[in-house]
Amino acid sequence: MLINRNSFGIIGGDRRQLALAESIAGDGFLVYACGFEKAEFGEAVQKADLKKTAAACATILLPLPITADGVSLKAEYAEHPILLNESFAELLQNHRVYAGMPERAVRVCPALAQVGMQDYSAREDFALRNAAVTAEGAIECAMREFPGTICGSRCLIAGFGRIGSQLAPRLRALGAAVSVTVRRAESAAAVEAAGCRAVPLVKLGDGGEYDFLFNTVPDVLFTQKVLSVYPRGTLLIDLSSAPGGVDMEAAKKLGIRAIHAFSLPAKVAPRTAGEIIKQTVYHMMRE
Amino acid sequence: MLINRNSFGIIGGDRRQLALAESIAGDGFLVYACGFEKAEFGEAVQKADLKKTAAACATILLPLPITADGVSLKAEYAEHPILLNESFAELLQNHRVYAGMPERAVRVCPALAQVGMQDYSAREDFALRNAAVTAEGAIECAMREFPGTICGSRCLIAGFGRIGSQLAPRLRALGAAVSVTVRRAESAAAVEAAGCRAVPLVKLGDGGEYDFLFNTVPDVLFTQKVLSVYPRGTLLIDLSSAPGGVDMEAAKKLGIRAIHAFSLPAKVAPRTAGEIIKQTVYHMMRE
Amino acid sequence: MLINRNSFGIIGGDRRQLALAESIAGDGFLVYACGFEKAEFGEAVQKADLKKTAAACATILLPLPITADGVSLKAEYAEHPILLNESFAELLQNHRVYAGMPERAVRVCPALAQVGMQDYSAREDFALRNAAVTAEGAIECAMREFPGTICGSRCLIAGFGRIGSQLAPRLRALGAAVSVTVRRAESAAAVEAAGCRAVPLVKLGDGGEYDFLFNTVPDVLFTQKVLSVYPRGTLLIDLSSAPGGVDMEAAKKLGIRAIHAFSLPAKVAPRTAGEIIKQTVYHMMRE
Amino acid sequence: MLINRNSFGIIGGDRRQLALAESIAGDGFLVYACGFEKAEFGEAVQKADLKKTAAACATILLPLPITADGVSLKAEYAEHPILLNESFAELLQNHRVYAGMPERAVRVCPALAQVGMQDYSAREDFALRNAAVTAEGAIECAMREFPGTICGSRCLIAGFGRIGSQLAPRLRALGAAVSVTVRRAESAAAVEAAGCRAVPLVKLGDGGEYDFLFNTVPDVLFTQKVLSVYPRGTLLIDLSSAPGGVDMEAAKKLGIRAIHAFSLPAKVAPRTAGEIIKQTVYHMMRE
């Protein structure tokens, strides 16, 4: 069997890769899916083992992150683990391979360095689109956990980066009063231009009457000391990546309902998250 | 014991009445709660039986709807049913009584007509505020059920009344393209002024590529014939009051995921829904 | 010459009728324009005198208002006045005639009552669409007159009817903090559902720190007494119809910059205002 | 007379500096204004000549740009030119001097390099806040020049930098359909996350049905060739800095109404623009 320039091998992954496989097939490409024994696909996606997938496909897509356990490929629908070892590396040779955080796999199996995996998760467009999904997922989470409405609520967002700057206008458009903590003068400018109130980060410890706290900053801003100034029952949604920016134990003691909302895109909108991987990879292939 | 002008008796209800009781107590009034044996309150709310509640309180608040089963008061947290009978009517005599859809109880027990119950649910301000909560709840429901994001989605809303006119701008603000079916020229005008696309109702049966259909119209617009023109997998959220505006059986056969989202305020935002009852009743008392 | 079912006669008007004539011609109909000696049209619109226009056209469109001086037809581009007299009435007999506020002309010339003029300006869809134009025109006016930005400003709108309810979300979306005075509980509900602050009308006289006051209420709310509680330099834009809701003399004395912004649609967006007349008339013809 | 640490000298400028002087005085500082013979201030601002201003004030604020003619200080309200020469440089020695684009003055008079002027216009927070004002000014300009409404219009924005990214959501919130040309994948991501349509820059030359074109890119994107694909009568608002991104002569020939909207903040919102200078300088002083 000849390698088909127009075929994609999807090896491993979660609900995003299910959607990704279907979506690429929907574009008219041949798609082989490996490591999805427990999943169901439409007719256009063909399940295959590693060898067949590698043999048939010029382009291989690996999950994000490439490994969750530090040993095998992330593959939630696989019946047997797919090990990140030399034989895996050998199969991928001479393919265009796209992966999320591939350096984690190289640390496990140095031979994978020779494969030349490209990291779609490191691209700015990927990060921005995922931040939009995360912002919407944060709103879903806030609506689900809160016994009131966003409309009329008072929200404080820590950070105005990719996620914060997309979350703030959405909350405001839903009728909330939105404050954002900022460290730099230029962030204050951007916050105010968005119709929100800028609060210097140092004032986070002054507390205030908020229904929601959203954290988007990867440092532990919400220490016991900071948490102690917010009233019991305040809802805190932590959107920063693991291990998060909240002293969860302190929160529990103080009666702050803190929720780790990690990896929202895969959870709340796997189809969109799969589309984002697809668009990013397509874009990388054209470059 | 003298009737206290500044005390409120909350008899029966669901999560909204729990919040309502706490909120009125938070305003400094005495609150007696009857029919809440299985619920927990803060210190400020006192549980009591019917007799004591009636004896102590000048103002009595009954649930919405006043009865769900057509026999007893709606009382989700009661251990024993509170019957809508003549002795209940007698206890309420000479009180200011506020209820939701009280005519349902009068049908069960004509003696209740003498009580002069006032209907908070019939007021326009109550309806508008609940519609806002419903609109937000519809978005929560859409986010939860849909594997993609609202941002970038295509939505069709049937109807531009209280709910539709509050749902449309929220969806649009979240980044959706929003179309609304309208029957009258003036609704088309209002839809377009909100930056949305107006579609004559008769075109509902022409179908279209939508990710979401929202129904707010109490007629059965979504018949088998209409549903058949929408692609399998379309998500339909029915926000009209029971029995709803969708032929659910046909939807199932056609692969349309139709969801009855009835009584959203009580489910998604009981605290806000309780506040709305409180504000409405306070307002009625001042009139 | 036979009356042509597909021809329209536009008699008199302002910039809106110029746009209206061009737009109807653009839809493929024959258009005769009478009373536009001083205006220029594209090739598709034919200038004609009264007799020819009446002879050629089954449908006649008259301006809004039909008369400004109470004697002749409103016709800003006419070289000679077109009198509202019996010969005018006779010419219009047996035509479908659409006019704005036709009762004003009937008062001048009772014979016009026989013509059966239909009033497009009395329709709800017309009023709503014009209110949207007025809301946008109010923002243009506010931007032009104010040395700061809407973003970050504090606005008070008196009234939440057609204009107020379209102005409030636009101002808020541009980054303003918006308060709205309301008389009824249901208006307060609608205001808060739009993410704005509701202020009881009686508190208008309490003043406050606002950059903008917008009046949409046809009563004289802004009396000397009310105006006196607002700081000198406050900008007040009166959007209510003439004679307006502001004691202009008192405003001047008190240093409040009050602007009568009457008839905004014709001034700020004549093309859209012409389109609105066209759509309304088309709609009336189909009924 | 001793230099007063709490006094500010405002030397030269336009309407922004008028507002700036008043605003700093409003904060309780002593303010001397030099080069404002033709202007009027409130009581708190004192007019003075160069010598007195330099003698009295530790902090000196110069205009943006520091010179318009390449010879003298920009000073629209001065009766006599204030020359950028060695004696001017000498007077400024040992002061904290803040200026906009000071390098232009140094080119005129190298001795000014010794003064150590700090450039407030080069700061990111300043640029962002001015971009917000420019975005709002662009809307004012569009409303004024266009005979229709923003609501319902189709807008194309070239560029999604500071100005484009603030203009797009404002236009969309007013009811427009907004497309944005982008060069990079990450800009497309940001555009779509804002609910707008991303168009690859190369497609600018494909034309399209737009009511408005807004240019924010400093290159000449709108060449004769590009302009020729847009219909006559299209309104093009150029927001890029002089000399602009539009072949104005070609536009004229092709019937495109192109408007150079340079230096909008000073024109449309001098008070806010003055506030922005003040906030930026205060911030620099605290650093």
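Letters are used for the chains, namely A, B, C and D, taken in the order the chains are written, and counting of residues starts over at 1 for each.
In this section, a contact is a pair of C-beta atoms (placed from the backbone, for glycine too) under 8 Å apart; a residue touches a chain by one contact, two chains touch by 3 or more.
Here's who's who by UniProt: A, B, C, D = Dipicolinate synthase subunit DpsA.
What you see is a predicted model; the values in this text were computed from it and never measured.
The chain with its CA mean position farthest from that of chain B is D. Comparing the chain pairs B-C and C-D, the larger number of C-beta pairs in contact belongs to C-D.
Rounded to a whole number, the gap between the C-alpha centres of chain C and chain D is 35 angstrom. Each chain gets a centre from the mean of its Cα atoms; for chain B and chain D, those two points are 51 Å apart.
The mean-CA centres of chain B and chain C are about 38 angstrom from one another, to the nearest whole unit. Counting partner chains per residue, chain A has residues 132, 151-152, 173-175, 192-193 touching two or more of them. Partner chain A is touched in their complex by these residues of chain D: 123-126, 128-129, 131-132, 166, 169, 184-186, 188-190, 192-193, 280, 283. Partner chain D is touched in their complex by these residues of chain C: 15, 19, 132-133, 136-137, 139-140, 143-144, 146-152, 170, 173-175, 268-272, 275.
The touching residues of chain D, counted against chain B in their complex, run 151-152, 172-176, 192-195.
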